[in-house]
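In this document, chain identifiers A, B, C, D and E correspond to the written order of the chains, with residue numbering beginning at 1 in each.
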Amino acid sequence: MSRSDSHTGPHDGRVTLGVPRWTLLVAALGVLFIMLPIVGMTLRVDWSRFGALVTSEAAVAALLLSLRTAMMSTVLCLLFGVPMALGLARSRFPGQRLVRAVVLLPLVLPPVVGGIALLSTFGRRGLLGETFEVLGIQIAFSTTAVVLAQTFVALPFLVLSVEATLRASGARFEAVAATLGATPGTVFRRVTLPLVLPGLLSGAVLAFARALGEFGATLTFAGSLQGVTRTLPLEIYLQRETDADAAVALALLLVAVALIVMVATHRPRGLS
Amino acid sequence: MSRSDSHTGPHDGRVTLGVPRWTLLVAALGVLFIMLPIVGMTLRVDWSRFGALVTSEAAVAALLLSLRTAMMSTVLCLLFGVPMALGLARSRFPGQRLVRAVVLLPLVLPPVVGGIALLSTFGRRGLLGETFEVLGIQIAFSTTAVVLAQTFVALPFLVLSVEATLRASGARFEAVAATLGATPGTVFRRVTLPLVLPGLLSGAVLAFARALGEFGATLTFAGSLQGVTRTLPLEIYLQRETDADAAVALALLLVAVALIVMVATHRPRGLS
Amino acid sequence: MTFELAAVMRRRGLEVAFTVSPGETVALLGSNGAGKSTILELCAGLLRPDSGKATLDGQVFFDLAAGGADRAGGADRADGRRPGIFTPPHARRTVLLAQEPLLFPHLNVRDNVAFGPRSAGESRAASRLLADEWLAAAEVSDFADRRPGMLSGGQAQRVAVARALAASPRLLLLDEPMTALDVAAVPAQRQLLHRVLLDRSVILVTHDPLDALALADRVIVLQGGRIIEEGPTRSVFAHPQAEFTRALTFGLDLSASP
Amino acid sequence: MTFELAAVMRRRGLEVAFTVSPGETVALLGSNGAGKSTILELCAGLLRPDSGKATLDGQVFFDLAAGGADRAGGADRADGRRPGIFTPPHARRTVLLAQEPLLFPHLNVRDNVAFGPRSAGESRAASRLLADEWLAAAEVSDFADRRPGMLSGGQAQRVAVARALAASPRLLLLDEPMTALDVAAVPAQRQLLHRVLLDRSVILVTHDPLDALALADRVIVLQGGRIIEEGPTRSVFAHPQAEFTRALTFGLDLSASP
Amino acid sequence: AGTAGASSGATGASTEQGETLTVFAAASLTETFTELADRFEAVHPGVTVALNFGGSADLVTQIREGAPADVFAAADARTMAKLSGDGLLDGVPVVFATNTLMIAVPADNPAGIDSFADLAAPNVDVVVCAPQVPCGTALPALEAAAGVRLAPVSEENAVTGVLGKVTSGDADAGLVYVTDVTSAGDAVLGIPVPEADQAVNEYPIAVVAGSEQALLGAAFTRFVTGATGQTVLGAAGFGAP
């Protein structure tokens, strides 16, 4: 226990329990397994060209587009995903397991296939294509398509995280709130949401990260045009065709952005 | 309430609360958004050739390889991921947030870049390449490489799900167990694990699904060699070069397999 | 505010019917597992009975016919759904103080107590003022800004009482509200409850005959999910019939008073 | 089995020192928030004091020097770490029965009670047998196969008592073990505890003077984290000094007995 | 080519019965090289040809990282040049096929395209391959030859991306190689571009440096450039070297 430990923040004299020592060793190995490749990649970067590479017009455009679309997708995921998680965790209806499985499907679809699937629905000749055409909306080749593709692949992450947290935290406090006169809406806003905040945050980070790294579905569904649909992963892929070093440099940029976003936003706290 | 509701299973007369009606509507929209593209894709399948396509030697080999490797990756993810989640959720150490962010990085790396990163570490010329070469082990371009690539991309899913559940369920029962004389190992096995089972299961399903759909990292790090490294997503990608219909048929096979696995295994239950 | 209840819940072996007059406080007595908490949860709307009917001042809380499976000649509906009315908890304006305090862990003590008024549509400021009044009444003002996790057991219990009372329910359901209170606090809390309960319909679960005597106009004694004894507190305690009631009142000498 | 405790925990305003002799039962009395539960959690190893020392029969539970920040001339270590010994809960063989039952929700009642013996290395069969004995002693054998979620409040409390006793601790820490029990059960439970406590070192928190009288050899009265009164139960109750103790024992006429 | 090394961990290892030749080939060669491998095995009993397909950048990365490749067939000269520049080739690459660009439109040709110049119309959605990838290599030359600049709505990373959007009808037209139109079958309609022969793309093949099967690799290379190879490639629409 360092001195700062015992004087600040959440350290309240409560003893940490339930972490056998061997798990820390195994955990360290796991962290190493993820960290080594990233270090290995960093060692390959040609630092003399790094600055020029990551500030090129194409790279900057791609990064901005990526950030913008990933943020919008995350918002959409939250909007739709939290109700979906609530429905799966709290209510019972026939076919629930099938619905849950369907919701998880985008996880397992290779992204390219996800893109084909999206084309078959939102494309000009897709299931809903005519509807959109009548409304004067063209989705394919637009930034909207990028957001849709990212939302499609990222949504299951949010749903699953939130659902698991909802199940683990139980419904006792919701019952108390209801007897105190809170309508279902109030219960949701003032009790359920704050209680699942840790799961919600980690789900949102997962969804954002997945959206930020999305490649296959975007390429297949939205295409690849600088400033419109060419996100950073697509730019990386393209760079790689001519200059592997440039690709690695851009990938490192992506890693850095992701790290910043995650360190800055991801602070779930327990409530026990 | 149907009659079967009130007489069977977990329905114990407790009233469902905290699910405002509008969330069900929004949730239904969300489900539709995921389901429609998959339906759309199904409509594109040329059913007359479907049987022949999915039972071709190449398809079967790819499917079996995919199932085998995804299973192994899931086991590895459980083995390393649960201790990692425990370390992140239950103990406090300096740099914890950075470690968490690093653990999540594979989520954000476009898979192709993940493949490059893995090559730069486990490849013949990578960080650890020489060590392995001395030991007579070649990892890259082998089935082992497929498993490593899948584990690399799937591990964060497991860690995050389990961590969120751990945080939501709190540490009170672990304290009780410790005072009853349970060693940290026993606490872990008999209290922590069963209590996070919902999160563990959904995390494992996430990891399995992600591994099953893994494409980019596998292609780059492991190559695409029938029976050895050409998993179903890679086979789909190749089929698409020559015959887009065949690719969709195979994708549908993947969807079916995933659905079966998920409906069969994914039953997290709350413990409240 | 007459409350009328008749409910059957087979899973818990419960079958009861009773009435609470306007402003009356009824004590539910009975051994562990007799069904006291179950009755409160049925009244609050957290449990749905197999059949029965409950109304408060004309508002129907539930009205459920017996399930078809058990009724040989009943008007069984083809789709197997039991027809009926069920009012959700929030629309009942009953408040349940459960056996555990269950304070919201993410709100501080004041906001916990203000939760009821807020849900009833009071402004944030008004709710907080109200909360502070109730916190003072329960003698826990000192902890208003703490998170519930930082309270002792008895402190949490008092906050839970304050939270229940602040919601100003039409029907108040109290499950052992004096648990975990120290001996010095009991008289004050009893007084607080007494004051509050005077003009409200209340169902109070307790294991303490003194609480029943001090607070309840009438007692209902349960055993195995049925009512075995019922009547004005003093007369039941003076001439206990059931064995449980005799054990409960043993040593209290009430035979002299009317 | 002498237990010696001296501990300071500033966050909770606690500073106490006392001893429990082998086989002795000490009752901790005091108002809500006096620090009773905190002391039990310190003994059990769930909390770490700022400084102090505790030993049971020679085994050091903790031995922590005061933090450097408060000791002007102390041997402050450069790295800011406080030196000291801290034995984790599982190695102490103390058992804490907390204010809430906290039964493991994923184990049935029997396995909850068998948890202690199992952790001590007993076989599964032997542990279950033992569990059944304790369940019978606590009069909850009927619920052995139920999940805790299906118990009433009092039933859960009894199971928690059985679980604590089944772990056969060297030092037993009981936080209001009689809460939620019905009046019919109290004498039996008191008897059970009495039998069990006879040959064990026990610290018992209670708000009921009758429990203290029936079960404790000695009482310690706390206020604001300090000991304000201490001595053999009968003599403290006969001649209470502190106001709290007077309120507690009001009506108990013990002045005649020695 | 089917079951090569199905159970062994590493690729390229000799099997007990005979030898394995590992061929890395551009994904666009999947169909033709699978057939060629079968035929090669037929005339070389005991030899198994293991095929590894991928995008050109994938294959270059893999070979650079020491993948056990014996032969490499690329989809354009530039890709091959990267490896020869690194000294990773054994000998000089040989061109074994050529390909020219063609306009692909949905079967019903909704935008009524019938010339390269039509693609420049403002309301026509054209998809092309990015100039960085082999399928886009020839486009700038074609644009120059035709004197038309395109404003594509998407610059794809692979020819499958172009074809996918044309077959789905989301794009009005795409520029792909003749062979791609052939393999896409009825789903798309090919419209020839007269200037295309001024922008020919060449497919080179070479034995990889350090290959343990250099002789067999050379034999395979000859097989591809030889009569059988040319027949198979020609049937798929490739032009002669």
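Assume contacts are C-beta pairs under 8 Å (C-beta built on N, C-alpha and C of every residue); 3 or more make two chains touch, one makes a residue touch a chain.
Nothing here was measured: the structure is a model prediction, and the numbers come from that model.
Undergrad: Return the chains common to the contact lists of chain D and chain E.
TA: A, B
Undergrad: Among all other chains, pick the one whose mean CA position is farthest from the mean CA position of chain D.
TA: E
Undergrad: Out of every possible chain pairing, name the one holding the most C-beta contact pairs.
TA: Greatest count of contact pairs is found between chains A-B.
Undergrad: Validating interface symmetry: for the copies chain A and chain B, is the fraction of residue numbers used by both over half? Same or different.
TA: Result for this pair: same.
Undergrad: Using the average of all C-alpha atoms in each chain as its centre, how far is it in Å between chain A and chain C?
TA: That pair's centroid distance is 45 Å.
Undergrad: At what distance in angstrom does the C-alpha mean of chain B lie from that of chain A?
TA: Centre separation, chain A to chain B: 14 Å.
Undergrad: Quick check: how many Å separate the C-alpha centres of chain A and chain E?
TA: Those two chain centres are 35 Å apart.
Undergrad: Just the number, please: Cα centre separation of chain C and chain E in whole Å.
TA: Measuring from centre to centre gives 78 Å for this pair.
Undergrad: Which chain C residues touch at least two other chains?
TA: Where chain C meets two or more other chains at a single residue, that happens at 45-46, 88-89.
Undergrad: What parts of chain A, by residue number, touch at least two of the other chains?
TA: 17, 116, 120, 126, 172, 175, 177-178, 183-184, 187, 191, 195, 237, 240, 244, 271-272 - these are the residues of chain A that touch more than one other chain.
Undergrad: Among the residues of chain E, which are close enough to touch at least two other chains?
TA: In chain E, residues 55, 61, 164 touch at least two other chains, as defined above.
Undergrad: Going by the touch definition at the top, which pairs of chains touch each other?
TA: Pairs flagged as touching, ordered by label: A-B, A-C, A-D, A-E, B-C, B-D, B-E, C-D.
Undergrad: Any idea which chain D residues touch chain C in the complex?
TA: Listed in rising order, the residues of chain D that touch chain C are 30-34, 36-37, 99-100, 151-155, 158, 175-176, 179-185, 207-209, 244, 247-248.
Undergrad: Under the stated contact criterion, what part of chain D meets chain B in this complex?
TA: It comes out as residues 44-46, 88-90, 92-96, 98, 102, 104-107, 115-116, 118-120, 149, 163-164, 167, 169.
Undergrad: Can you tell me which positions in chain D touch chain A when the two form their complex?
TA: Against chain A, chain D makes touches at 9, 11-12, 45-50, 67-69, 79-82, 86, 88-89.
Undergrad: Please name which positions on chain A make contact with chain D in the complex.
TA: Going by the criterion above, the answer is residues 1-4, 6-7, 12-15, 17.
Undergrad: Taking the touch rule as given, give the residues of chain A at its contact with chain C in the complex, in rising order.
TA: It is residues 172-173, 175-184, 186-187, 190-191, 194-195, 197, 271-272 of chain A that touch chain C.
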